[in-house]
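Right after this note come the structures.
Here come two complexes built around subunit A, the first alongside subunit B, the second alongside subunit C.
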Partner chain A sequence: MNSLPIFKRLVEKPWIWSYVGMIVVWLATISYTGGKGGADVLTAALSFATFTVIVGIGQMFVITTGPGNVDLSIPATISFSGAVAMKIMDGSNSMLLIGLIVSLGCGLVVGVFNYMLIRVLRIPPIIATLSSSFLVLSTAIAYGRGLKIKPPGLLAEFATAQIYGVPILAIVVAGFAVVMGVVLNRTIYGRSVLAIGQNMRAAWLAGIKVEKIRFATYVLSAVLAALCGFVLAGFSGGASLNMGEEYLLGSIAVVVIGGTSVAGGKANVPGIWGAAMFMFLLVTMLNTFGASAGVRLILTGLIIVTVITIAGGDKPQR
Partner chain B sequence: MLRTTILSAAAISCTLIATSVQADTSDKRIALSNNYAGNSWRQAMLQSWDKVTGAAVADGIVAEAPAFTTAENQVTEQAAQIQNLILQGYDAIVINAASPDALNGAVKQACDAGIVVVSFDGIVTEPCAYRIAVDFAGMGAVQIDYLAEHLPGGGNLLEIRGLAGVFVDDEISAGIHSGVAKHNQFNIVGSVHGNWAQDVAQKAVAGILPSLPEIAAVVTQGGDGYGAAQAFAAAGRPTPLIIMGNRHDELTWWKEQKDANGYETMSVSIAPGVSTLAFWVAQMVLDGADVPHDMIVPFLSISQDTLEESLANTQAGGVANVEYSLEDAKAVVAGK
Partner chain C sequence: MERNIVSFERVAKHFGAVRALDGVDLNVKPGECLGLVGHNGAGKSTLMNVLAGTLTPDTGVIGIHGKDLKSSYGVPKANENGIRCVFQELSLCPNLTVAENARIFHPSLSGWGWKTKTGAMITEKLDEIFPGHGISSGDVVGDLKIGKRQMVEIARAFTLTDTPLHLVILDEPTSSLDAITARQLLEFVRKVVGDGLSCILISHVLGEVLEYSDRIVVMKDGLVVSERPAGDFDRNSLVAEMGNVIEMDEISEHQEREKLRGTTAVVVEVASGTQKLQAHQGEIIGLAGLAGHGQTGMLLGIYETAFGGKATGNVNGPVALVAGDRQTDGIFHLWSIAENIGVGSLSRMVRRGLIDPVAEAAIGETWQQRIKIKTPDMNNNILSLSGGNQQKALFARALASDAEIILMDDPMRGVDVGTKLEVYDLIRDEAEKGRTFLWYTTEMDELYNCDHTYVFRDGLIVADLSREELTEEKILHSSFKETA
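Here is the complex of A and B:
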């Protein structure tokens, strides 16, 4: 008798649908291959979802601060931070910590710069972060000239290590996601982000330091993007100029599919994991089926729309 | 071999240029209109352009030859850029186009204004423009020919394609499939899009690999070989024969494998220095030479024997490259 309320409670969670989608897609894949490689597909999905989750969490906080807030500089920051960190470390394990600090520093600078554009020059966030991404990517090009330097051995090992088929990096990031979940729901900062997203003026009247919170949020997003660039370069054997490209749409898609409201004020962390896994498994499924690129893109679009509709369709709007 | 002949040809042409070709185009201005700069191939392409045109300007062969790159890789933006170049009165525009047909309007305007238009790599279909095309289908077919020689028993192939919707991807893939039709001991069991990028290829291959049977070889389009190798290693599967592109990371990995266990493969790619070939063709047209509108440039191939030499000549993080001289351009114009 107890199971019904639990089931009902689960269905009401906005993030549940990304997990449902993930499981359905996974089952479809392994039934097509006759059960072959089911566990390996999940391992691969965990490895690659990890990077999307890192930037997805940052993007989620930004989107949650309300309509119009989005960070489009994430791909450029990933490339920039990866390129700078790899060049500074130059493959040496002893420089690992310095490389990490410099990489996070890159993120900090980009985040502060983004916020300056938004606040001081009063540029809408979409335009501000897009234009800053041009500057950041150009800096990366000028700095690295497309240079590909191998990551230090320790970083590469850490980024690719697994225990019983579970990537260590995924475990670390899962732990980080739990922490960010607590930050979102249980701290003054997280609560303030939600309040600002629901109504900025009401939040301000309630005494929330709106601009301070927004500042922290844009910096958080950029720093997480920089962190992603650092580990991604370690994972894929060096930084490349276009390695951030697919995280532009990816970071926004996982936030939305994960059940976070695009209008702001409503967010959850678990959905980002589900959505990131779902996105990877979806492409894998269509590749396994041997779908042509056109069919694959159409189906990807349709399935994402379907999941978003199911996840958000029947909720009464205020 | 190729390199030494080209170098010597370059040396000869330099001396020739200094004496003979000087006067006619010394006041001409040639602009490069480029749609994208965000990867190592394009970076090398721009560097080659700067190097060769810089020398040409210093030698007084042309007045100036600046390069312009659009920020967003969009057709409208490049069309506007070409219109600007027309207004600025360049004598020739060399184009790496974002689309084979969508720029035709702007290209026609340039032709009507008496400007010589030479397109390369990303070519334009407008008849008034010159096209330096790569034999992409041949790039695909030669891979299967190589495999037929090295894996006479045949086997399963994994195909890594490029960017969906780009004609280059379709052409190379068509070449690969025609090769498989010819050598029917091979069978393509999986196909993914790697977008010519190492990390994208790694991700796509890692996803599809668990569902695939044993893979004998991976056929590629360049830029994706190293990512494929990493995906196989991460999945704990034996490394198949992976056809490589011309990026430094691919060649380095190949060299490491070759030294460690005698790994054998080949590399096919398009040298980014093809931009310099387009420059010389534009210069020749301005000089009044008779140039056909459609030309084919050979692709760059690296074999087991030329690997060390190619790697030594490739800058760390760059791509294996060939810069062309006026002599090379004349050879291409003459159809070899």
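Here is the complex of A and C:
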């Protein structure tokens, strides 16, 4: 294996295409502007991609547990957790830790609730998480008095701080992604998720505690969505009810473009970063070209389809 | 002289470094039953895939009805020429009904009432081959037990509309059938062969091949090593040609070994009707009876009890299961052979909180040696193995784990004689070391490896036979209701 040229080994990685797409789109953008603002675009992409990566990792674990598994309650959870955290902290730095704990607690509750719907009431995950998202969002609206509140200064500072143009938050989340990559490939939990995604019955018969793993996965996804809501509210100067909206398709798209199999059982973390950057840079590029909103949407759709086709070109086994 | 239906010359097919076929000649005459035997990985299934058109050979002459079709040969050509295949890995669509699956072969059944027409056709064929099969043409295939799925697949291959039918390939057709239905099928095969149809019969049950074939071809390492009329072979010469040094007598040697029942602690105890299933530590317990009469249910009940689900009885000790229906219950198709084995021992491979790749590779290596998995590299995908070798990997998964009680759900489907004897040895050794085996099998011979046998009928235990009492007659007698 080691004798293979590095290039060939890279091409075999499912996540490589998201990075190729990212670089191509970035080059296209800066060549249009004549090299101006290339670094600024990257900084912005890193900032915004960070939030997609946080929820994308949770969504990746859910999707990997097999066909039909997806978490559609992520946007509602982001808005809910952000609103509750802002209200609790009320702009005070001393409440920061408590705010974070309550925010993650919101995620925990949503995750447990999602799993209960799926397991106890036997509702398909798509319907279960979609309907729970209505409940969660309604709660956030009822709780909506937190919406005009500014985040604590420390949180806002942390969420927007940069070193040499690299957002601190992006560095932290990159580290977190490395940890989750290890969790996926080198822990019993990760292996179990991959096994369940290939064949749930075989996984059960191989001694894997299927339901505990699924429970943990839905909770993980909701808790990460809550964490995203917490930092996103800090980043954008407060919570809003629609701040999670773009993460519905965003979280799924980055997982798929990143090379994770929609059929389950096969996943990777690096691709999520590449795909999140790619998605942001793509929209930036189309904006730079001066494309109208309609053209932008059409091109975004076409380009995503193209990347998935190239990246998803798995050789069939035997 | 009549033209051969099939005349292959020097057909070769390589998968990477694996030479699945290394230049094979094969002829099939009209109106003959050709037996094909060989070890797992000898190339039988690959050859049949070439014949059915699902694999394209690298080189060679594909002569069908006297014409070389090499370049254009594929599944449509095979159908056109009346060649059909019943694959070892069942190829029915699980979400469709029996009738709908039958329709796939027969585009001419269309228009109003096609379902009724197809249903009548498949039911008639099932009645003809397997009287008393108990399958309705409206049943969804996914809901049927593996034995019944196999019956449907076989019956479908023999249905006739406007496409010709000259040759049916039966790849391990009896592996999921019990003794009675297997006999029904083989009698049917003799009848249609008498009417001028040809069959290729692949089976690891050598008795079937010897008794029901006209001619036998023996394969080994991708080559045909012997080809003679069936009458010129007997069991021992066939085994010898396959390159198997272990004599069948060794089975009886194992049988000499006796175990005093009840000298060790009871590890499994489950009530079933008026009877009770009991397994003592270190025993090998056989679950017998016709296929689908509650044996698998019993094993799954024990499995669930061990994992703290529902409690159907007492189970003392960790449990592992060897699946027989390996595609549905066993393998993880995206993983390597080593990963497929290691998944049963995850917690033992953890070093400082993480799974240690070295420990995982070590388990893979150990079991490649112990159970002789035929592959150049344990990091290859599990699907690169032949069916029998995949099954060995599933054995390795269970035996490599720390389970003290091993449940086996008719695990020897599609496994060759040599491998079986090796696995029997392994089971014996492990039982001596104190592991307990509960073994559901549809093959009579395997019950002679057991210390004690329970016979099932209609989901309940109806007979309880010790080693000395065990005879084929007793098992068959208990398998049927007295009124039948």
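We take it that the second predicted complex is superposed on the first by the 309 of 318 C-alpha atoms of A that agree within 3 Å, B and C clash if a C-alpha of one lies under 4 Å from a C-alpha of the other, contacts with A are read in each partner's own complex, and residues count from 1 in each chain.
By definition in this document, a residue touches a chain if its C-beta (ideal position, glycine included) is under 8 Å from a C-beta of that chain, and two chains touch if they have at least 3 such contacts.
Please read all numbers here as calculations on a predicted model, not as lab measurements.
On the superposed subunit A, the two partners subunit B and subunit C both fit, without a clash.
Of the two partner chains placed by superposition, A:305 touches none, neither subunit B nor subunit C. With both structures placed on the common chain, the touch criterion links A:27 to neither subunit B nor subunit C.
Contacts of A:201 after superposition on the shared chain: subunit C is touched, whereas subunit B is not. Contact with neither subunit B nor subunit C is seen for A:10 once the two complexes are overlaid on the shared chain. Once the two complexes are laid over each other on the shared chain, residue contacts for A:40 go to subunit B alone; subunit C is not touched. Using C-alpha centres, the superposed arrangement gives subunit A a vertex angle toward subunit B and subunit C of 130 degrees, stated as a multiple of 10. Counting the residues of subunit A touched by each of subunit B and subunit C gives the higher count for B. By the document's definition of touching, of the two partners only subunit C reaches A:187; subunit B does not. Of the two partner chains placed by the overlay, only subunit C lies in contact with A:265; subunit B stays clear of it. No C-alpha atom of subunit B lies closer than 33 Å to any C-alpha atom of subunit C in the overlay. When both complexes are aligned on chain A by C-alpha atoms, no subunit A residue touches subunit B in the first and subunit C in the second. Listed in rising order, the residues of subunit A touching subunit B in the complex are 29, 32-33, 36-41, 44-45, 47-48, 134, 137, 141, 144-149, 160, 232, 236-238, 240-243, 245-246, 280-281, 283-284, 287-288, 290, 293-294, 296-297.
Across the complex, subunit A is touched by residues 37-40, 42-44, 47, 71, 161, 164-165, 190-193, 197-200, 202-204, 206-212, 226-227, 230, 234-235, 247-249, 316-318 of subunit B.
By the touch criterion stated above, subunit C contacts subunit A in their complex at residues 15, 303, 307, 320-321, 323, 328-335, 343-344, 346-347, 350, 353-355, 381, 383-384, 397, 401. Subunit A meets subunit C in the complex at residues 182, 186-188, 191-192, 194-195, 198-199, 201-203, 205-209, 265-266, 317-318.
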